[in-house]
Each structure stands twice: as C-alpha cells, then as structure tokens.
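We call the chains A, B and C, going by the order they appear; numbering starts again at 1 in every chain.
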Amino acid sequence: MPEEEETEAEKMFLSVHSHPMPSAFALEEFEFPLRIHIKEMPLFPKWHLPLKLMAVFLSVAFVYTFLRDVLQPYVSEGKNDFYKIPILVLNKVLPWTSITLLALVYLPGGLAALLQLHRGTKYSSFPVWLENWMGVRKQLGLLAFFLACLHAIYSLSYPMRRSYRYKILNWAYQQVQQKKENSWVEDDVWRMEIYISLGILGLGLLALVAISSLPSVMTTLNWREFQCVQRTLGHTAMFLCTAHALVYGWKKWVELKQFVWYTPPSFILASFLPGVVLLLKAVLAMPCFNKRLERIRHGWERPGQKRLIDKDSI
Amino acid sequence: MPEEEETEAEKMFLSVHSHPMPSAFALEEFEFPLRIHIKEMPLFPKWHLPLKLMAVFLSVAFVYTFLRDVLQPYVSEGKNDFYKIPILVLNKVLPWTSITLLALVYLPGGLAALLQLHRGTKYSSFPVWLENWMGVRKQLGLLAFFLACLHAIYSLSYPMRRSYRYKILNWAYQQVQQKKENSWVEDDVWRMEIYISLGILGLGLLALVAISSLPSVMTTLNWREFQCVQRTLGHTAMFLCTAHALVYGWKKWVELKQFVWYTPPSFILASFLPGVVLLLKAVLAMPCFNKRLERIRHGWERPGQKRLIDKDSI
Amino acid sequence: MPEEEETEAEKMFLSVHSHPMPSAFALEEFEFPLRIHIKEMPLFPKWHLPLKLMAVFLSVAFVYTFLRDVLQPYVSEGKNDFYKIPILVLNKVLPWTSITLLALVYLPGGLAALLQLHRGTKYSSFPVWLENWMGVRKQLGLLAFFLACLHAIYSLSYPMRRSYRYKILNWAYQQVQQKKENSWVEDDVWRMEIYISLGILGLGLLALVAISSLPSVMTTLNWREFQCVQRTLGHTAMFLCTAHALVYGWKKWVELKQFVWYTPPSFILASFLPGVVLLLKAVLAMPCFNKRLERIRHGWERPGQKRLIDKDSI
C-alpha cells in the first residue's frame, strides 16, 4: 500500500509541470513524495525584488514618521505619544509605501516611451534593468493594492479606538468649558469629505485592476480589454490616490509648524513620485509627442538611425 | 533580434484565441506586435448595456438626492449643506443603484416563468430583449456587488469624518446646556443595530455569489451547486438587502416631513423594484403555480397549444 | 428549433465533465435540458462537515454570549440590553467561531506528526477520521476567513451605530458633571491600539492565504510556494489572531467581575484551542522532535517496527 501511494505521488508530481498543484491538499511535508527535493524548487522568484523594495520603503517611512510624529513631540514637549505606533504611525507608513509602489508600476512605461522617442526607433531592445523592472510591474501593483487595503481598514478603525473616544470626550468637555456653541470648521469638513471620497474611489478602481490580474479573469480578457483595465483604470486610480494624498495635505504645504525638525510632512514626499509619473504621462499624451511615438511604434524610424544597438546585440 | 521578437509576438497572438493573454505582461502599446490591429478587438461587449444602465441610474439617483438633501434645505431654509455631496449624497446614490441592478438580475427569470405559464409550453423561444437581458445578468450582478462594496466602505467612513466629529461635539454641548442626562432613544438604537446587521449579512452573501462567478471557481462547481449559490444565496442576499433598506426607512413612510417637495424618501423608491421581484418570486413559489411550471419545464404542454410561435420562428 | 436547442444543451452537458459550467449563464431550472436529473448531482459534498461544525460552534457561542451579555444583566440588574443581539452579541460569536475553525485547520497536521513520532514510521496510513479531517482543511479555512471578514466589518461598524453615539453623548455629559478634565486611560488606549492592529494584520495574512486557495491562483504556484503560503503565512496569521484575542482580553483574566455566573469570558475559551495548536507546533519545531520527524519523513523507521498496521490494512 505505502509503495503504491508513493508512485501515485510521483505521478502527481510529474503532472505538476502542467498543473503545479495536485488536487488533494497536501499541506504537510510528510505528505510529499520522498524523491522530490522540495528545497530546490524556486520560491516566488518574481516577488523577491518587489518584496525587498516594499521592505525598504516601509522601513524608511516608519523611521521618518516615528521621528516626526512620536520622538519629536517627546523630545521637544515631553509629550508621550508612543501609543501612536501600532496604528497611527503604521497607517502613515502603509499609504506612503503603497502609492510609491503604485508609481513604480507606471514609471517604467513612461521611461520606455522616452527612450523610444530619444532613439527614434522601436527596433532596439531596452536596457536589462528596465526589462526586469517591467517584468515585475504586476507584483509591484498587487503589493501596492494589498497595502492600500490595509490602509483603508486601519483608517476605518480610527473612530472605534479608545484613544479617539477619550479625545472626543475631552474635546466635548473643553467646548463646554469655553462655552463655544459650534465647533464646525467648514474648511476642515470639506477637506475630509473630499479626501475620504477620493480615497474610496481610488481603492475601488485599484480593486478592479487587481481582480483583472487573477489568472482566470485575465484569460477571459482580450489584449485591448486588458490594456483598458490595466492602463486606463490603473492611471485613473493613481490619479485619484495622488489627489487623495494632496487633499489630505490641503494647506499644510505652507504651514510652518508642519515642518518639524525642518522635515516636510510625509504627504509631500509621498505624492512627489506619483506626481512625476502622472506629469510624464501627461507630457507624453501631448499631440506632438504622442503622434511621433505612435509612428515609431508602427515601425517608423528616424532617418539616419543606424541600428547600432541592434548590431551590437546580434 | 527585433524581427524574431515580432514573430514570437505573433505566435503569442495566434495562441490568444485559446488563451487570450500572453503570460508576459505587455501593458504598453509598443510591446504589441505591429500587424495586429488592436482597435478592432471588441471592448467588453457584454458590459456595454449594464454599464449604461448603471450610469443612468447613478445620474437619476444623484439628481434626485441632490435636490432633496442639498438644494431643498438651501432654498427653503438657507442651510448650506453642500458639504454632503462627496460622501452623504454619493452614499445614497450607491445603494439605490446597487439594489436596483440586483433586482434587474432576478427580474428576467421571473418574467420568463410568467411567460411560460401564460404560453403553457416551454417549446417557444423567448423574445429577443428578454434573451439579451438574461445574457447580462452576471454583469448586472457584479456591478451591483461592486457598488454595494463601495456603499459599505462609505458607510463605515461616516464616523471618521470631521463633520461627524463636530456634530457629536455640538450635540454634547447641547445636551449639557439642556441638562439632559440621557439621550438614549431605544427605537432609534434598535433600528440602526438591525439595519446595519442586515446590510453586513447581505453583503457577505453577495460576496459569496460574486466569488462563485470567478471563472476558475465556476468551473469547479456543477450545475446544481452553481444554481444553489446563484439562486438561493442570491435571492437570500436580495431579501436581506431589501429588508436592510426597509428597516433603514423604519417609520419614515408616514412622517410627512420626509416628503420634502412632495417627493418620497429615496429608500421607498429604492425598495420598490426589489420588492416587486421578491413578491413575484413568492407568488411563483406557491404550489399552484410552481407545480404547473415544473410540469411545463419537464415538457408538458397545455392541450390545444399549437406551437404557433414556433412555426413563425421556423 | 426547440429540438435543436435541446441537443445543444445536451452537448453542453456532456462537456460538463471537463468544464462543469456552460459559458452562458443558465440560472433558471427551465434553461436546463430535460433528461439531466439535476437532483442527483452532489451538492458541495466536501462542505457538509465544515458547515455543520460551523453551525454548531455558532449556536453554542451564541447561547453562551447571550446568557452572559444579555440575560445575566437583565436577570440580576434588570438592565435591558437586548439591543446588543443584532451586532454586539453576533460580533462575539463570529470571531470565536472563526478562530476555532482556524485552529481546526492546523490541528490535524500536528496530530499526524505526533502519530508518526509515536509509530516511528511513515509507512502506515492514518486513521480514517484523521484523513477525512485533513481533506476538509481548505473548507474549514475558507469558512474561518469568511467569518473573520464579517467580524471585521461588524467591528468597524461599531462607532457608526446610534447606540455608540448616545453612549458618547452621555459619557460627555457625565464628564462635564464630574468636572473631569481628562478621561484618558493610558492602559486602555494601548490595549485597543495593539489588538486592533494585530487583528488587521492577521486578517491581511488570512486574505493572502485565502487568495492562494483560488483554483486559478493555486495552479500557478509550485509545491514549495504553496506550502510557504499555506503553512508559514497561515500559522503566522493564526498566531496574530490568537494574540489579538489575548490582548483583547488583557487583564480580564483576573478580574472577578468578568466571571459572571461563574463562567469565564469568551476570549479565554476562544483562545484555548488555537493556543494548544500553536503550542503543539512549537513543541514539534524543537530540534529533538523535529530531527526525528524529518528522518521519519525521509523513510527512516524505528528498529523493531514491524509494520503491523500495514499488514492489517493489506
């Protein structure tokens, strides 16, 4: 019996190349046949670079936010805000990393277009780093979406926290003490209504892009449909998310007290890269560049273009 | 090299008919082979009608809600409630459209059953408009689910908004001024606990139906399982969502002040169509109709039925 | 025409064995060919046991929570807390059942390892009940994830409820009456920030595990990747969720008033089983056991092992 089982397992493994997973769930290592060296299988090779990038961005953003939001008040005012670390600091780190990764999804396409415009031909291959980068856009985008979802849940959890409740109660107490009948700040209300709405719409569009990346959904789309979802929806989502970050910032650009320890607020840093990508996209969509790019992509070459790079590569 | 690449790409395209998308992500137009005319590919043909319907419902609901919730207070009381547009108005528009689309998913099945009962035979084809309608039920349902998700996130974001915080603070101030020890309104509490709970359960069931519509999940279900999920769960979800809308309304049916400018509150309009669909479903499930329907579906024909329609269609 | 249609439908059905669902959505029974007896098809056979288990746990947890949180205050203090049923009681029942199901996903793997250590060989089959249990781990896990999602939405909806608003207003009133300038409780704040954060991270990891269970995603993973997601991520998620439950409990372990009617608070009961599973996992990961287990899994047998069980089974 056990012998037979093993052969069965091996058969299963042989079929793994076409259908990587056997139908039975075999979670434990002992359910796996002997002769197959599980440790030699690749482990998410396409995810290494994106995950490392994510880890770096998360760390840098965490240190930056911790210094500004927790350490600075402690050092300069003796204010103990360490309770902010598990949610408030984390929830600045998550959207920052998310929008940066999202920008990195759409940056290489712009760079490639610039390169083609500069070279005046499409018959030359891209540098290796750009090709590699373009090959992990899907992974970068999915990580960005994952972090965006976490960001949404963290944000929605704000008012259920004890800290928020105590703050509300203390504010109410102060309002009564100050005999202030109305604490409504129109400006503040508008800012928050708009940026929450933009954020939710951006997340909704990102969800559609992410769903279209599921293998089984992708195979039901033709090229044009896939482009439409990934490019049009994706760029719109990035536009909404950048607008979300900027409206979140509102007038903090010019408020000096926001620049603690001479550092800019994180939303300025976070919206810089997506801003550049969207600008590049807008410039490339201008008729003068767009027409030339289209001609190049239909095979036209700038006269005198000598295909030097091609010769080298042959 | 480039020549070779192109042939490779063409091969990829030829295989597109079986597997529409090549495995490599080719987001940019320049990554696409020359000779394929991307603009001739169809662009989501089955989604055109559902998306247009959604756009129409969203617009009508938006205008209606804007007039009632924002313009009316401004005109008659001079109250500036324009801050409600980005979230509060939108979040009435979203569930209204969502539940309407959901009702449109289950209406054609009822109509078809009525038609069969009337004709007394199943051997006659349905009118073209009904067939087309039945062909886009999946798309209608997915749009309804998407809008329902957005509605959920918008609703959950209510208490984190500045406007909510300021209102709470002002209410607290007033309570202190009025020396009212307890502002608890049992009726209001029950209403909200119930409709939130119903809404979440409805959304949960809709999520299961939506997941079962994923191509790869659908292929693992047999017909009976698929029917069970799409019909039983779907109808239950629609029942919960309609109940959610009605409990949200509670006693507003009879409160005259809710009928601003002689228009009914939106929840009455929103729950009308799903109510009709559920009623039709209930009527058809009654033994007298259900038995006859079952016989018809097993091939029985009313005596004297002359298959006129068939002859016409042949 | 109708005849032809039927043949078409039958062809479709014949192809069902390879692709269970026809491409056209045929929700209504009358769209289904005559001769196929839909009622003879199996209806989610692998889901029966997990669903029954879920129903039992939900019922027991509901009764327990209802008695402690609603009936006890009513009986002993005459306090009417029945409004808690639709959300607050339900939202204790959901996470309790969810984490129990999650523990049941990872318990059989540990039991199997114990059995192998005890028998000193891998060449003997597991008892039938263990094999059956191992065969429904995926279903148990997906149900656990579904309930965890509902739990998250229910929790996020807390502050938008009327009951929460009225409580806040009453607390604010009391704070003013007591002239208490600051109601901040550092301990309480930390507890809640941490357990919310742990819960969100746990849910995020569970979502990744659930996505990797989608058929089309699963087929793109090799064995090692699948193991990595399902075991490493899964155990980490369970660890986070257990920590979430324990931090939620905080010091209630020792507070006598928590033990109403001599019953322990539900978080203690809820975290017992996952605690055992994690402990078992930790013990098995200790070098002395782990090494022996690895040797057994590579075919080593304890001397004197006579394969009695095998002979029996042959």
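The rule is simple: a residue touches a chain if its C-beta (ideal position, glycine included) is under 8 Å from a C-beta of that chain, and two chains touch if they have at least 3 such contacts.
Since the structure is predicted, the reported quantities are computational estimates derived from the model, not experimental observations.
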Fraction-based call for subunit C against subunit A, same above half, different below: different
Cα superposition angle of subunit A on its copy subunit B, in degrees to the nearest 5: 120
Approximate Å spacing (C-alpha centroids) for the pair subunit A, subunit C: 29
Subunit C: positions in contact with at least two other chains: 156, 159, 168, 172, 176, 214-217
Of subunit A, residues touching subunit C in the complex: 1-2, 13, 16, 19-21, 24-30, 32, 34, 36, 38-39, 41-44, 83-87, 90, 146, 149-150, 153-154, 156-157, 159-166, 168-170, 172-173, 176, 214-217
Contact footprint of subunit B on subunit A as seen in their complex: 109, 112-113, 116, 122-125, 134-135, 137-138, 152, 155-156, 158-159, 168, 171-172, 175-176, 180-186, 188-194, 196-197, 200-201, 203-204, 207-208, 214-228, 230-231, 293, 296-299, 310, 313-314
